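We just call them A, B, C and D in the order they show up, numbering each chain from 1.
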Amino acid sequence: MLNNAADQAKRIKEISGVDPLKCMKCGKCSASCPSFNEMDIKPHQFVSYILNEETEALVNSESLWKCLSCFACVERCPRDVKPGKLIDGARQYVVRQRGQDYLKADEIPALLDPELPQQLLVSAFRRYRR
Amino acid sequence: MSIEAKEEFRPNIVAFCCNWCSYAGADLAGSSRLAYPADVKIIRVPCSCRVNPMFILRAFEKGADGVIMCGCHPGDCHYSTGNYYARRRMTLLFSMLDYIGVEQGRTRVEWVSAAEGVKFSATMNEFVRKVRSLGKNVRLEDLRCRN
Amino acid sequence: MKYSYYPGCTLKTKAKDLDAYARSSAKALGFELEEIENWQCCGGVYPLGTDEIASKLSSVRALNEAKEKGQDMVTLCSACHHVMKRVNDDMQHVEDIRNRANNYMKLNEPYTGETTVLHFLEVLKSRIGFDKLKEKVVNPLKGRKIGAYYGCLLLRPGNLLQFDNAENPSVIEDFIRAIGAEPVIYPYRNECCGGYISLKEEKMAESMVNTIMTSASGFGAEMLITACPLCLYNLNKSDVATHLPVLYFTELLAEALGVKEEVQHAE
Amino acid sequence: MQRIGVFVCHCGSNIAATVDVKKVAEAAMMEPGVVHSDDYQYMCSEAGQARIIAAIQEKGLTGIVVCACSPRMHETTFRKAAERAGLNPYMVEIANIREHCSWIHKDLEEGTKKAVILTRAAIAKVNLNTPLKSGESRVTKRALVIGGGIAGIQTALDIADAGYEVDIVEKTPSIGGRMSQVDKTFPTLDCSACILTPKMVEAAAHDKITIYTYSEVEKVGGFVGDFTVDIRKKARSIDMDKCTGCGVCQEKCPYKKTPSEFNRGLNNRSAVYTPFAQAIPNVPVIDREHCIKFKTGKCGVCAKVCQAGAVDYEQQDEIVTEKYGAVVVATGFDTIKLDDFDEYAYSQSPDVITSLELERIMNAAGPTKGHLERISDGKAPKNMVFIQCVGSRDITCRGKSYCSKICCMYTAKHAMLIRDKYPGVNVTVFYIDVRTPGKNFDEFYRRAVEEYGVNYIKGQVGKVAPQPDGQLLVQGVDLLDNKQILVEADMVVLATAIEPDSSVRSIATMLTASIDTNNFLTEAHPKLRPVESPTAGVFLSGVCQGPKDIPETVAQAGAAAIKAVGLLAKDKLLTNPCTAKADELLCNGCSNCADVCPYGAITYEEKEVNDHGIREMRRVASVNNALCQGCGACTVTCPCGAMDLQGFSNRQLIAEVDAICR
């Protein structure tokens, strides 16, 4: 993991391909987000955390795991910032570190139910694990 | 071997800009301080249709590494139809140049309006990058002109 | 007309119905779904990272196979549709991804996004035509009030997937009309069902699903149809599902075309 | 051999900071033909010009190069200076070392190097310049105003009051435009119709103003001072001279199911209609698309009831051709389509409306007779939500990148009027920023908050979800509280972005006036010539140039009028002498040049030529200097190089190319 917060912020920007300076703080993302109430850092705040290089808080945020990648914010963002991509960049950054999987192999059996579609597991694996 | 040590190639680029749209667009890029490399030198023409293919061949002959022609957007020509003529002429010329080995990347037509300073600057930056990656043009160069 | 068909993981296991009804309906409508050989899972979610290459390769392989056969590719699952279209778009427009993927794949001829990707619904809409479909219906589902559930992956991002108006879609409603039933329009038909989050955050998914189901039911829907196995799974977990069943759209299609029985017998 | 002087301007530090002006002046002295070079703080100043004049006279200069700002700024200044010194003004060339050099480069060495090259090119060109003389052309003392909204009306009145004839062309059946649809105006809350109607009447009664309603500009030819315009007067199917405006035809018309354009489709009108009560002219139009008589041949009720016998089903479109010296574009705006913004449920619920639709609902002559009620069920609303920036400030393909400018103020106006008339209605406004620059504007907005208790929430709305009972559930965010909120509303009003009227594109093309990426017409200079198009003789009035409110529009309309009057007041105009010229000896008479000329300036004549001693009759091209605009299309088309453009000749341009590539 990169030690320097500035480097971390830079890396997350690179992975996501998002330019946080384009944001005009309109709140369209937070107004659209179905996971808003579950998030500790709200969608419209993601950009500030990157710009202010407060990456420590961002990578440890619950929001990483509450985003559904439903693209509501991506679709509606008027400034082409797309906070959903930014939070996914942060999530990628975390899961690419060894031992940072949000979903551990041994907790999976307990979560399964017979009707569970494969698609769900595949998606969850890709989102939560390296 | 170090790549960094090698001095960056600076191409010589001629830009023909029509007086009504692109030249004004270049002015706007200037007054908005939207930088692009000094490699680009602009020649003012009344309309893109004033650009004779001969001028472009002459530029390559004299050692230009890239030539770009800018005009008003289709439909917006100050003289109604000039840019349509220019577009047809350049399409023909560029495919001929490509055939004789002057890469497509060295020639370009772009429509830039008087309000598009941002586009002018971005276009020039991109074009210079492209020509830089192609290196020096030697195809049409009149060797007698070499110093 | 033959299409390359990419079924995806779930259609081979938990969502066999979605697949079987689609194939028999296709036959009844006069087109064939030719399954791509040795397809691999698309991964379920599109890798958003700009530097993700490996996770896109399985999609590129399938897309290239369709290209070599000279066929358009058809998908049924919303997630596969989403991933395939976006990877294809990357191969068309993102030079870096295109180059790196092609370097890795070492194909005879580089793949640059030539394949057209269509969702089964798009085939019905633009290739068959809903008017034509209406003519082929032998068993119109008269009087049934059906709500379309699009979910998110079928529609968004709208300008890239070009599937339908992302905020006010109409394809499934047109489909419902074509098979003789009455569409019920409700506002949450393009809101997320919770997706994979239901694995670890059951409560969260539950409240989202309830909003959707309650709204649809309130507007008078007697049934919802969807194209996505994950949506179906999540929606069916809602308490409202007891009086608002959620089905695959292909099941109703097969029923309307009079081929539902034969599929069930084959099973 | 030319004797050339080079004058390098510092432009304060604008040029001198990144270009070593002394070095440029030194380098210029090394070029062929240069006998004098100089640098000075401000060449465009009186003192700077005096230096140029002195040098021309003392050194007997035959051509000069000024290395300064863009020729679009000061070319005229320096040409005039040269003229005062007795030099032909077309012996002046400008090297643009500011906009194209010092302002975009940061490195002194690099900037200087490029400035030297640009100077070299200008010197190479001026070496080949020849003295040119402008011709003269006449000015038709009549102006055309395209668009009959408040911008067009005001411009026409101002031009007419100055004593010139003006024609207004308006595509709808009445003048009045958007302002006639507005109920009240901010920040004074005047009744819009009450202040507009007198202007409409004044324009109609003015003996210098001719109004063509239900008419469109179809073709534009000519140029500044001498435009020829075809106006299509669409068949009204009503005789304007006979009609008394009694309105019986509209009452009796059996087809009343056409959505009313004036009321934004909120109610219906008859097939024969005048858009609104105060319409000018007060003569209806038969909408042939919807009229039963035109669709089926059966009906004819209006003709039967018309006492004046004014109904004429046989009437045909008529083309009027008129000459004008100046054209003012005042085509106005429309609101954007909301198809891509359906998260606001505009197409899903009739109770989600645009602000312009609310204007009609609030208006006493509107579809609800001025009562605030829901379109769906006619119930009085208790909770209203306003959403700002719908499509404005949106850089994606869905919206418009610019701020529509008027929405913050009209939303405050609506909120205030509703709270004033219906104190029981709760009004919530979702905003990104409240922008109120303007006289008494911010005070107005604060009154809405402080005196009328309008609830302003900083944040946007993500979704408007219609509920089964017809209520609208608005899901938004309160950014200051950091909370997602749900607001129940009976009506939602969208402050929809405005865009130039769709007709502007074809009009701009006809006038060869440039247009920007958002379809707003471009000004000749964004700061110093804001009401003129770069195309000479074309002026801009109102929102066609950029978003603006009514007072700004009226101010600009006046400015456009005075510019037009300034042109019309001239007896003669000097023409551009940079015209094409054919070399009779080289011309082979092929007619290619005449084919590409957009102005019909090239004709062919049989002429006796002396080709190296051989006298013979030949068919050769001849350019009419009064018509030629100097585009140069013919010069490139000519297969034998007979055609050349004065001021931008082949030799001059090649000399520039050579100088740059040297």
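FYI, a contact is a pair of C-beta atoms (placed from the backbone, for glycine too) under 8 Å apart; a residue touches a chain by one contact, two chains touch by 3 or more.
Predicted, not measured: the structure shown is a model, and the values here were computed from it.
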A student comparing A-D to A-C should find more C-beta pairs in contact for A-C
Rounded to the nearest Å, the gap separating the Cα centres of chain A and chain B is 43
Chain B to chain C, mean C-alpha position gap in Å, rounds to 47
CA centroids of chain A and chain C: separation to the nearest Å works out as 25
Among all residues of chain C, those touching at least two other chains are 158, 167, 191
Chain A touches at least 2 other chains through residues 72
In contact, pair by pair, are chains A-C, A-D, B-D, C-D
In the complex, chain C touches chain A at residues 8-10, 13-15, 41, 43-45, 47-52, 55, 77, 79, 152-153, 155-158, 166-167, 191-192, 194-201, 204, 208, 228-230, 232-233, 236
Contacts from chain D onto chain B in the complex sit at residues 70-72, 96, 98-101, 103-107, 110-111, 113-114, 117-118, 121, 505, 508-509, 512, 514-517, 522, 534-535, 578, 596, 598, 629-633, 635-637, 645, 648, 650, 653-654, 656-658, 660-662
In the complex, chain A touches chain D at residues 22, 24-28, 30-33, 36-37, 42, 44, 72, 76-80
In the complex, the residues of chain B that touch chain D are 12, 14, 20-21, 23-24, 26-27, 29-31, 33-36, 38, 41-47, 49-55, 58-59, 62-64, 72, 75-82, 85, 89, 113-116, 121
Chain A contacts chain C in the complex at 14-17, 34-35, 38, 65-66, 68-72, 74-75, 84-85, 88-89, 92, 103, 111, 115-124, 126-128
